[in-house]
């Protein structure tokens, strides 16, 4: 394991300190792994989070027009309920709090326990569970799909809705609409190594890739041989549009998300073909995001997300935000 | 058989120690079909649980279980945190204010714990989760009343753990692997198998140490 | 070599297409590898560039308040004079053009030839050569130091000065001031692979690192064993502040730049200690940038840059920009 | 000896082909002390130069050199683009409108080319750049007038290339490596050595093919 680290059990703490000291608009809630906006305003609060190792998610999306608080667990480990509760409690301004949860057993259980704690304290808490990963067929398992990079669209759009002063119920409805209209799928060229574990999350031969990965270094749904960037983009795009009812003329937002070690140039090359694919399908690409949004440490690979837009979603997608990790 | 407060404390101390020993084994299993943190999560949580138990020095088993539950809920995270937290919360509710518990109460505690896992995790027997072990363990204890039942429990539990190997996961992170999840023992089942191994030893002072690292890898 | 690519000789072309199709404010100059702002304004033009493989540099810094044009050569290969000339010619609005050049033989020669061509056409061209890498002692070689990530500060500050309507002479003076006050140094945990070459740029043992690397996958000035993040940060910081005359109370800007494959969390961990180091030195950190600014494909490692500020530099550093790769 | 237009064209065609053959050798050398692109740069540039020469089919050597120079300037990039571009621009100025050139004019062209390298790159002999080869080649040609001088040139050039191995680079990208640049032949010197190899063959139809890949790696 070759990493820029100090004591491994200080990984998350030092990371959060280094992040906060670079972002004066963030504040760490004393004694917790929760980062919140330094200036909270009287509106519905938005909390998201999960394990660490997905940087810039989730703290990079804290800012006006996006999240109010981000909770970081240990690397790839859902945060504990008390941490999530601390975030809810801190951002609550009396207008209620929306939790944005990725659909993993651990995340869901910990966030829901925190929501129960908060409700017991009289805080109005709603939640949306993001399950955008089309790699797993919905029907086979009762657990539903995983939540992956599409979650960032929920942060952005629900965040803008909250910033606009909408009620918890309305913000929840809009967040829900995003989750219903976003689909993603990812692939890996290399594994990643959880610092506390020290071993690569899987082994791949020189020309093997994992298709349909989550965001925690897990193996994907299948192992295949590496195809060209075009063929890979086509495969993921095909899976996504098979699942998302789109008709010619529809407007979409695209996200090409690097898993951590993929050069930006390769993500641009992928998008070069995604642009062809969308135009073949006669989709109107309203916005394309390319970069690292929801990573898996130093994994190489990418995920593709497609969000079907309507006028309401477009308005909030385009609204300004000060969150450091949302691109201009 | 009676299970006293000191035995409970020894149980936690030894479980924490065994988890530390098996940390990399559990991580390795979780690497294969999950995200590689189950050993780290469990070892971290039970280390804190053990410390808090020493520090708070509760005077009954119920309170001790509660101390452990709170430590786990606040320090494990992931899927296993709420689940093991629930196990000890349920044990706490059954063992409330007890200085020592008998066979029947133990069985009752384990049944409550098992139902807690189901409520929280919504898994069924055979889904390749720790529930597979808890179902096997509790139904064995329920239907086998006799002197050797705790020693025999270990044979049954060990089998239950190994039976998870060939299953396709239907719950938890491994479920996303689909058929690829078959062929690896479920890490949470191993940590639960270890739970019963250490419990039996704490109860009668003799139960065998199982070489999980060679059995499950 | 494991990369998301198609035909290798289309690498740069497809990359530029993918980039432009995601950034409606950019335009590719027909038949060239030059990207320019879609809307040019009547001000001094700024052109930078170099080989590809440094993404988001250089095209990611094209936008109001930063660059007007970016020229991309083949991967790690300085662009040819005709390409640079095309950029100069395109962005020139009659107020002259400033070239921001990193000090590499190839870059300097190709950009200077282009400047000569442009001057022959009556365009007023000035240039600044960035040589911020303290890894190489100035005295030993006549070629001067390399230009690395500190260049991005020149883009930002000179860009803001140009946007403010300053003359070419003034913008040049300010750019020059930045180059005189910025120092950087980098290190690598892993090599990178130039696509057309197919082989890693060097081989490292599991616990070896290269110290004092450039941005083209070159080996560094020495190979050492991997230290902790703190010790590594301390070493680079020490080299930098030894060279940059700083006194207690000075204001600085910090950049922790990922080389391509380093998880953001590790960069935050590095910054956690850089924050300690600056405060020990009683430096006032006005701004910290953490992320990928000037990369070497999928190399793991980072560079640290320190820019000494005065009121003028601060004003332009803080000025707004629309460039996609400049963080909020 | 006379060097005619057709020989020049053959020279470019064969140089382009040899560069393609030696591309990975040149890249490998550049990997060790630079950025690994010298072979790719040269092969790409001379492929285009050769194509443009076929397409434009110039009728004198001066124009042919100019065509090559422009192709290199527009397609090589890096440090070698302007330098090889300069070499052919200088040759063009000396060979202007010539259908064939004699020994003296060749020498004159090479001297101009060498001085062009110095003007553009500001290197000195011994800095571990292609100039080391050009200095050696031109001064050999200058001081050795006789029938075998072109064949002997190859021995001298080969030595000059190999002599760059132990030098510490003072110019170009390798200079940043400091003492670590010693031990590897300079890639630009190898491509220049190849230049003379192919030139000698184009001139007298017989000069040997040098196995650079085994000599320099």
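Going in written order, the chains are labelled A, B, C and D, and every chain counts its residues from 1.
The rule is short, and it goes like this: a contact is a pair of C-beta atoms (placed from the backbone, for glycine too) under 8 Å apart; a residue touches a chain by one contact, two chains touch by 3 or more.
The structure presented is a predicted model; accordingly, all values stated were derived computationally and were not measured.
Peer 1: Measuring between Cα centroids, which chain is at the maximum distance from chain A?
Peer 2: D
Peer 1: Just how far, in Å, is the C-alpha centre of chain D from the one of chain C?
Peer 2: So the centroids are 32 Å from each other.
Peer 1: Where the centres are mean C-alpha positions, what is the separation of chain B from chain D, in Å?
Peer 2: 73
Peer 1: Taking each chain's centre as the mean of its CA atoms, how far is chain B from chain C in angstrom?
Peer 2: Computed value for the inter-centroid distance: 54 Å.
Peer 1: Which parts of chain D, given as residue numbers and ranges, touch two or more other chains?
Peer 2: none
Peer 1: Indicate the residues of chain A shared as contacts by at least two other chains.
Peer 2: 75, in rising order.
Peer 1: Taking touching chains as linked, do they make an open path (line), a single closed cycle (ring), a hub with spokes (star), an all-linked set (complete), or other?
Peer 2: Topology of touching chains reads as a line.
Peer 1: If I apply the definition of touch given earlier, which pairs of chains qualify?
Peer 2: Every touching chain pair, ordered by label, is A-B, A-C, C-D.
Peer 1: Tell me, which parts of chain A touch chain C in their complex?
Peer 2: Within the complex, chain A touches chain C at residues 2-6, 11, 14-19, 21-22, 52-53, 55-56, 60, 63, 75, 189-190, 206-207, 209, 226, 228-230, 232, 254, 256, 260-275, 285, 288-290, 292, 295, 297-298, 300, 302, 322-324, 326-328.
Peer 1: What residues on chain D touch chain C, complex-wise?
Peer 2: Interface residues on chain D, with respect to chain C: 24, 27-28, 31-37, 39-41, 44, 73-83, 120-122, 170-173, 175-178, 180.
Peer 1: For chain A, which residues are in contact with chain B within the complex?
Peer 2: 51, 73-82, 104-106, 109-110, 113, 133, 135-136, 140-143, 146, 194, 196-197, 199, 201-202, 214, 216-219, 221-222
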